[in-house]
Amino acid sequence: MPIKPHKLAIVGVGRVGDAVLSDAMMSGLFGEICVIDVNEDMAAGQALDQHHATALPNVANVNVYAGNYDDVSDADIIIVTAGPSITAGKNGATGAARRELAATNGTIIRATMAQITSRNHDAAIIICSNPLDAVVHIASTEFDHPQGLVLGTGTILDSARMCRVIADHLGVDPDYVRGYMIGEHGPSGFPMFSGVNVGGVGFDGLAELFDVPPLDRDDLTERINHAGIAVFNLKGWTSAGIGHSALTIARSILLDDHAVYPVCTTLRGQYGHDGDVSMGVPCVIGAKGVERILEVPLDGWEREHLDTTIKAIQETIAAAS
Amino acid sequence: MPIKPHKLAIVGVGRVGDAVLSDAMMSGLFGEICVIDVNEDMAAGQALDQHHATALPNVANVNVYAGNYDDVSDADIIIVTAGPSITAGKNGATGAARRELAATNGTIIRATMAQITSRNHDAAIIICSNPLDAVVHIASTEFDHPQGLVLGTGTILDSARMCRVIADHLGVDPDYVRGYMIGEHGPSGFPMFSGVNVGGVGFDGLAELFDVPPLDRDDLTERINHAGIAVFNLKGWTSAGIGHSALTIARSILLDDHAVYPVCTTLRGQYGHDGDVSMGVPCVIGAKGVERILEVPLDGWEREHLDTTIKAIQETIAAAS
Amino acid sequence: MPIKPHKLAIVGVGRVGDAVLSDAMMSGLFGEICVIDVNEDMAAGQALDQHHATALPNVANVNVYAGNYDDVSDADIIIVTAGPSITAGKNGATGAARRELAATNGTIIRATMAQITSRNHDAAIIICSNPLDAVVHIASTEFDHPQGLVLGTGTILDSARMCRVIADHLGVDPDYVRGYMIGEHGPSGFPMFSGVNVGGVGFDGLAELFDVPPLDRDDLTERINHAGIAVFNLKGWTSAGIGHSALTIARSILLDDHAVYPVCTTLRGQYGHDGDVSMGVPCVIGAKGVERILEVPLDGWEREHLDTTIKAIQETIAAAS
Amino acid sequence: MPIKPHKLAIVGVGRVGDAVLSDAMMSGLFGEICVIDVNEDMAAGQALDQHHATALPNVANVNVYAGNYDDVSDADIIIVTAGPSITAGKNGATGAARRELAATNGTIIRATMAQITSRNHDAAIIICSNPLDAVVHIASTEFDHPQGLVLGTGTILDSARMCRVIADHLGVDPDYVRGYMIGEHGPSGFPMFSGVNVGGVGFDGLAELFDVPPLDRDDLTERINHAGIAVFNLKGWTSAGIGHSALTIARSILLDDHAVYPVCTTLRGQYGHDGDVSMGVPCVIGAKGVERILEVPLDGWEREHLDTTIKAIQETIAAAS
């Protein structure tokens, strides 16, 4: 098999797609990056801007260009950010706005997946469009593409915010706070406090270990959920984290590293669900995408939240049908 | 002297400041980054978005926050992107729009430099605000700060576009095209064709070496100048390259690496000018900022363009006075 | 305060010092690296080899040179690898060989610390020389240097081997296995199984979560201890991991990132010991070096091993007195 | 085509192979690395040492293991360092020692290439074994493998030393000194002074530009040739640069970046030679390996040296026949 430089296609280059593109250019993972957008001028402009930057010191000569769906045929990774964002100030709310967005982006993801899957049967398709879990569910269950290779950024960023909030309380680097948000990438996702670990110590032992005031589950949950909304309210959008999240997944797939973090995937037997919901749950990620879904044990508080978040996601899926 | 993690302050976090911030977060250069903007919500939102991202895999735990000018007192690097941008579609033109911007941003840089220099006498101040050369000239000549430590991104990005255009013609990685744009970061800057080198061969020998059609000076100059405008016209702004340019300078200073590329600096005896113009010219960059200005020899065509670009810059400086 | 590129001094450039040097050159952390060795030709040769490499693509222009102790006066980080290694095939044993090495390297670290502390009162001194815990104890307790800034690589590499062995059993990336070896960097160090966490699940739940045969504490402990010896027996020395370990600490200090991992430090009240033993224990690392020692709770099995390892370290310390 | 993480095979893990392995592990290019050596314990030990290191912070989970030639069948890149080195203290001499090494390593490369080419028809084979040009010539001309995909590190490191020596004279970062050594990776290789460029200025203008004493061709040539020997004489071997050189080539191939630097390749019409010599000459490197040999124009002094170096290489080739 001839040497094949890895190729990325990005579908949609608004705020989030731009963050994905910038991060991908600097990642060292790709020899070729194709940018696709319904706004062809925007796609061309983003690609040209990056094309110029390849001539700067310390920027690699990635072959970056604006293209169309024919260019996805030999892509290894396809990152989809198409469709409008959740509107700022609406708190990513569960109500009418969210259902309306689900309908709009449900239509967009169906059109996008139809374009992709008619041309490419092997790429990993990493979805960032919101409402994330519903969009991933449509892409994963309505099209013929290997199950593990259709996934979403899930609760990676939500988990990062969880770790950040705890890390701020303890005064440590959040990379050393291990913890996961599970379920919806949205307000009903919940922290798996029973799995938190810092320095080998679980959630309930952290206050003593670090000599800080106790951490309260409900208070923390609220602060974590508020973290994303705060960014929205202050600057009008979020972008810094999502590009890194998508690229983190891409790296794990291209290096087959078997990392463990929560991506959005369709449940296949876990928690008594089989193909009726997609959500963020810790997974092992390798060259086949989601190689294993980890059905982590939940305590009572978490189990209640699991039911709630699954119901919320299913309602959003219904709104997109 | 106690260990001091390097600290960056960014003044202005619009499109360009955001690119600087994103790049700085991933650079591994800084332990602390302070973001300052007249729009305090925007500064807070940008910082908070990045603060969350520090908890993602492969993102370092940089201490990033929104601050004010008191926070620049112990900064090692200060990158200034404050002030409005050149308006898209105006071709970054020489006319009224440019002079008007000069007046506005002249006022802004004076206020910014007054704030900075009353608190910090050692930091490198790297300016990205346009019209770049006039803004740098004001900052460099009207305030008491070490000469070499007040500089601008100059023609780094222009030079990158020059190398990119030539590289596209030859089919090579632009990092291996050595060449410089000199003078204004704007329409009057010109390519120093006599200094171009690819694979050990000068400009006039490249067509034969690569077996491609001859390269025409005027045609190339036009294509280089068009390159930046094309991005503006397509996507409405440029950002991908300028963050990298500013961080490239910051890295050279913090590592004292004595790299050679064109930054904007005030001439001190070069080309018969002493303190009456600031422009992009190849320099040696180290821990003291601009450690040496290289007065590269120019041929007749280039000398003519030098006179033109100096005149253009001086007119813009005058408009900002 | 003028901009200060960070400076590293490496004392001792045998196998381990060479690994440290190579890693440091590529780390992007340092503008200046000084290499010191009693074998002055070796120091000069290692520095010159790296000096040439700075001219290769993708290698930064670090100022690397062979020097003497006067050059440590302005170093930010000093990594000490001086002294002979534990001899291959002796299993890093507890017996006569270890005590003999303790006596030899005890003398060497006293001479080295005298040289350093007479010239530099602020640098972080990161020790790699074996028997590690005894050598760190001498350096930390017999010289006047800030407590947190005298530390050793401790059980970072031992912990890595622990995570690797568990990761191999589960089929995951070891970066996502959180776990610590505690105590001696040597045969009596022990795994804190009660603190292991993968995907939010503790040690006892991993076999079920990953659907693999159960993990046995004693079997794993033996395999972890065997891991290092196996490398010794196969290739005659170990080096790949220790450079990364030392640089990991250096990075945390220079970026003030508050990472959490086990370094060797002198206990100050933890586990009922105050200044009478130094060992690997999870710590928070920042610009002041060890900023906090985490007295992680231990279960009965672990507590027994703690007593054993402390006794073993104290015997080695005694052999070096 | 399913996603394929890039795979590297390293044949020979002595000093140079170890440097290649260390650099490859940190490069981010490979998901899988297979190490092969006639000393199977050494191969196993090197792989195991690196396997442990994958569990350290900031080290990726590369699948690294000791294997055999069957494992090269799906490799994308094969780096060959097999065979004894040039003996220290002999100045890499042209005499008997060099011819003897040619005979020994000629036999080894023939056996190695027979093993590789019977299993893999697509990989890039990057050779580091000495005498480099003769070994590459045998591999390139006696086996059926795509021409561009059989290449050697050539004069990359020699060119780095040239740029370093000039950079030291001028006080600049050698990455900004563009220049090439051409011909043998050994004493007869020569600097192409006519192609040197710093800051847009050629060799003859540098003394004035930087206000330093003039650079003398013969003196510089001697200092460049002495540079490598000095490392040999001081530390007994060289290794720091060659790993980076091999990985630089691998990166260009896997990212298809069309970089320009001198690798060792068989001439096919350049300088009047067709298949009768292999040597270091500037080339464009992409996914097909050597995609273009640049027949750079030489002046009289250089042309004389070209004849000499080709003759020297051909004599070494003859000694290996």
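Labels for the chains are A, B, C and D, by order of writing; each one numbers its residues from 1.
Assume contacts are C-beta pairs under 8 Å (C-beta built on N, C-alpha and C of every residue); 3 or more make two chains touch, one makes a residue touch a chain.
According to UniProt, the chain labels map to these proteins: A, B, C, D = L-lactate dehydrogenase.
From a predicted model like this one, the values you see are computed outputs, not experimental measurements.
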Chain of greatest Cα-centre distance to chain C: B
Option in C-D, A-D or B-D whose residue-number contact pairs overlap A-B by over half: C-D
Comparison of C-D and B-C (more C-beta pairs in contact): C-D
Chain centre separation (chain B, chain C; CA means) in Å: 41
Distance from the mean Cα position of chain C to that of chain A, given in whole angstrom: 36
Separation of mean Cα positions, chain D and chain C [Å, integer]: 34
Overlap residues in chain C, where contacts from two or more other chains coincide: 57, 61, 173, 175, 257-259, 261
Chain A residues touching chain D - in the complex, by the definition given at the top: 1-6, 28-32, 57, 60-63, 74, 76-77, 122-124, 175, 253-259, 287-288
Chain A residues within the chain C interface of the complex: 171-173, 175-176, 178-180, 192, 194-202, 205, 209-210, 252, 257-261, 282, 284, 292, 294-297
Residue numbers on chain B that touch chain A, as the complex places them: 19, 22, 25-26, 41-42, 44-46, 48-59, 61, 156-157, 159-164, 167, 173-175, 177, 227-228, 230-231, 233-236, 238-241, 244-245, 248, 251, 259, 261
